[in-house]
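In what follows, structures are represented as structure tokens.
In what follows, chain A forms one complex with chain B and a second complex with chain C.
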Partner chain A sequence: MGAIGVIALNAFRESLRDKILYNLVLFAGLLIGLSVLLADLTITEHHKMIADMGLAAINLIGVIIAIFIGISLVNKEIERRTIYTIMARPISRTFFILGKYCGLVLTLFVNLSIMLAVFLVTLWLYHVPIALSLFQAVQLIFVEILVVTAIALFFSTFSSSTLSAILTLGIYVIGHLTADLRSIAANSESGVMKTMVDVLYYLCPNLEMLNIKGQAAVGILVAPEYLMLASLYGMVYAGVLLSGACLVFQQRDF
Partner chain B sequence: MKLAGSISTVKRGVTHALFGLTLLAGASGLLRLLDHERNTVARAEQLAYLPKGEYLRLAALGYRQVVADLIWLQAVQHIGAKRDTQLGYRWTYHAVDVLTDLDPTFVAPYQATGIFLGVLVGRHEEGLAILSKGIRRNPTIWQLPFLAGYISYYELCNPVAGAQYLQIAAQVSGAPAYLSRLAARMTVESGDPTAALEFLDRFSRTVTDERVREALMQRMKEIVQEKDLHFLEDSIRRYQAKYGRAPVKLEDLMLHGVVQQLPVDPLGGQYQIDSLTGAVSSSSKRERLRIHEKVACHVGGGDSRPQTWSNPLPVLQ
Partner chain C sequence: MDDIVIEDLTKSYASGWPGRPPFVALDGLYLTVGRGEIFGFLGPNGAGKTTTLKILLGLVRATGGRALLLGQPAGDVETRRRIGFLPESPYFYDYLTAEEFLGFYGQLAGLGHVAIAQRVTDLLSLVGLADARDRQLRKFSKGMLQRIGLAQALIHDPELVILDEPMTGLDPVGRKQVRDLILSLRDRGKTIFFSTHILHDVEMICDRVGIVIKGRLLASGRVDELVRQDHTQSVEIVCQHIKAEGNAFIHSLATRVLQQGQQCLIVLPSPDAVDAMVGEIRRQGGGLLSVTPHKASLEDLFFQEAAPEASRVQADSLTGRAF
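What follows is the complex of A and B.
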């Protein structure tokens, strides 16, 4: 196993020790509890609402874990001073960052898989049809989580945990608004404004492109080409952020 | 010494626990008082403060559907409430307008609000507005123009608009074949309660939710009752023309051969006659349905029912 694999496995074990998977109990309780409530409260289409709630819970919990673990991955090593021991070994800083990232991605993948399983069981219990579109939505949620993790890791290489969390959350919010901002700016008279918003549009991640929860909940499939392109976009963007994180981390003094 | 220390620790623990429990009981008591204070209007006000859908869309980020679901859960409480206020209805409309901006493909709110506002509580324009929005955003759902057609035709007495909506519904792929026939019938029989019953019966068969179906069934019974009252009034007029006075009791109509059989109130009450004025009422409903006036726009009237369709109530009751 290469250096990246060792660091990744270590980061995965560490997050398990931090009892990250406990959130799954919260998820299961939340989802099943809400489903019971919804089945009784709503007029028609409680199937759609259960699917909506489940996908939103998977997404939200995934993003929260990505942000809060992503920002602490590097900072924890620095605060505990274990970074010096690692840096003293023949491991490049790039491998260290990539290893940490892969470890967190593995944690999130396990987390997401269990949440998906709980979600599917809930759907089955409430006789909600399990459409292929739900799997498509979860795939893009995972890609979104990859991007958010990369954003958190990037900020954590040069700022404190609190600041990294705020910045990541900020980018997450902007990432869901760029398309709307662009359509608002399209009505503006000012060319400068349009150019600025255009620059912002291409610079910031467009996370709305990875959001197909609405149509997935009602069973509408997206084209495989779209799914592939959106996944590729997310991974390329995460790659850009990881390159940036490696570059910044190279410059730091340890 | 050690024992005294332990007792003191336990005492302190118990005191803290009792203090905490007292505070919790106090908070629960206050909450109960607050619950009491908050009446239906106050609850409906929550919906009034919802920002416009275009702004809420931005704030909801990637969770628009869930926010729409949560607003719908709030609005449903008013739709399901037995007693509500006109203000509450208006805010329900606002809430559904906002949530359908967030999730335009969420069909249930258009349908349920259309039935609630447009049919059950008499806010036809708002019911039609929400249905029109649904038709624009979901052109593949034939039930929405079908319901809009019913409201235009029967509740608003506008057969031209009703027929247009039904034509839209008929053009949707997978729509039932009887829609075109209904649309044609509409143009010649404005406000006919029999046609209204057929509408509601057809529509209730497409509704999956038991509560919505029950509401529609109730409406159908009210229409049947109104039709019966109309029929009895007509018979009393004929009785008066023949005998120069109103009958003392409804059975007189049957005894003198004016009617063959007296109708049975579908809402479980008794039909009564005021022998002085000749007015008929039902013990099950204090006020007559608004469609009483709607029947005035009925051209055909009478007791004639088309042979191709029979009243579903005895079967479905």
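What follows is the complex of A and C.
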């Protein structure tokens, strides 16, 4: 096994032994269960409510795990000084960053799979049709989580955990609003405002592109080309951020 | 051949405030450590010991100068395959068991499963932790962590072992175990470079030592050479039936005079004045009880070198000139 694999598996093992993770997954299960109760309160669209809430719960918990484990991935190693013995081994800093990222992605993949399984069982129990569109939505949620993890990891290579969390959360929110902001700014007369929004638009990830939960809940499929393009976009964005994280980490003193 | 070569090594950290001078951690350090040698790196807190070790391992980048390990530039990734390192007050992945922990570092060093299994068993016995094989590190005491840290530094049987304060947190038995371990490594041809505050241990096991103060090497060499060459031995004379009080001659030669009843202790700064002092004691009708040359220790040398510099640094920091 290569160095990336060793680091990744260790990061995965660390997550598995962290009780917070189990609590979050349990919380996701509760949220999915809650969707059934809320659906009972609505007059119509029971099925849509259950699917909507389930997807939202998967997305929310996935992003929370990505941010809060992502920001501590590198920082914790430096603060606890565990990095000293790792970096004293024949492993490059780039491999360390990639290993850490892969470890968290593996953790998120397993968590997402568990949450998806709970979601599907809930749908089956309440006779909600399991549409292909739901899987498409989960696929793009996973891509979004890849991007968010990369953002968190990027910030954690040069800032504190708290600042990394704030910045990642900020980018996440802006990432869902860039398209809206741009259309609002288009009506503005201020050139500065337009330029600023344009910069944000091109700099921040367009996370709305990865959000198809609304249509997926009612069974509307997106074109396979869109799914592929959106996934590719997310992965390229994450790749660029990871490269940035590696570059910053190369220059750091411990 | 030298396993560690350090030439004119400098490291400074920006103060973070415009106009303020940078903090100089290393200021032109020169040092060599030969193959198969135990080298003790001595210095007070903040002298630059850990910074030097971090530069050697590529954890910190030097501002200037050159450092070579096993003939390769410090920080070279492949060379680290031949180096073992134990940091000061190590923190490890506490969710791992001792076996998993050593296995993880063995994998990072590129060892196969069979080799890892064998090395883990051997090293756990060597550091006295065979019973704690399946225990998570979070349940380890400080001394146990230090010992498992030593084991991880040795998991891949490195040629060069770098230890930062390896005796810290160990009880006398643990310290003796570490000393014995270091000596056994030297017997197997390994080179050991370690920093420490505990002078007694250095004196006991080191082939050579270096004293670093404020980022500069103040003295380096064999312990016996340093102690013999750089420090004058004092001599203690015990005599009786003599009144040293008011004797200007005795007081002019002695650094300390202690009168206790009939007996008198006279401390001379060097053996040169012994003859004159013994002659004076006889002239005064006193009897000589003993003449004991006081063998200088590494501690004396350390304080001789470190104390003036340390007090100057302290004075500078109080007046705001340093750091």
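The rule we apply is simple: the second predicted complex is superposed on the first by the 238 of 254 C-alpha atoms of A that agree within 3 Å, B and C clash if a C-alpha of one lies under 4 Å from a C-alpha of the other, contacts with A are read in each partner's own complex, and residues count from 1 in each chain.
Heads up, the rule we're going with is that a residue touches a chain if its C-beta (ideal position, glycine included) is under 8 Å from a C-beta of that chain, and two chains touch if they have at least 3 such contacts.
These figures come from a predicted structure and were not determined experimentally.
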Clash-or-fit label for the pair chain B, chain C on chain A: fit
First, second, both or neither for A:60, with chain B first and chain C second: first
C-alpha centroid angle, chain C to chain B via chain A, nearest 10°: 150
Touching partner for A:207 - first (chain B), second (chain C), both, neither: first
Partner chain(s) touched by A:217 [first = chain B, second = chain C, both, neither]: first
First, second, both or neither for A:3, with chain B first and chain C second: second
Contacts of A:177 with chain B and chain C, given as first, second, both or neither: first
Partner chain(s) touched by A:52 [first = chain B, second = chain C, both, neither]: first
Chain B versus chain C - smallest C-alpha distance in the overlay, whole Å: 28
On chain A, positions contacted by chain B and by chain C: none
Residue numbers on chain C that touch chain A, as the complex places them: 54, 57-61, 77-78, 80-81, 83-87, 89-93, 95-96, 100, 104-105, 107-110, 149, 152-153, 162
Residue numbers on chain B that touch chain A, as the complex places them: 57-58, 61-66, 69, 72-73, 76, 79-80, 103, 105-108, 111-112, 207-209, 211-212
Touch list for chain A against partner chain C, complex: 1, 3, 6-7, 10, 13-14, 17-18, 80-92, 253-254
Interface residues, chain A side, partner chain B - complex: 38, 41-45, 48-49, 52-53, 56, 59-60, 144, 172-173, 176-177, 180, 207-208, 211, 213-215, 217-218
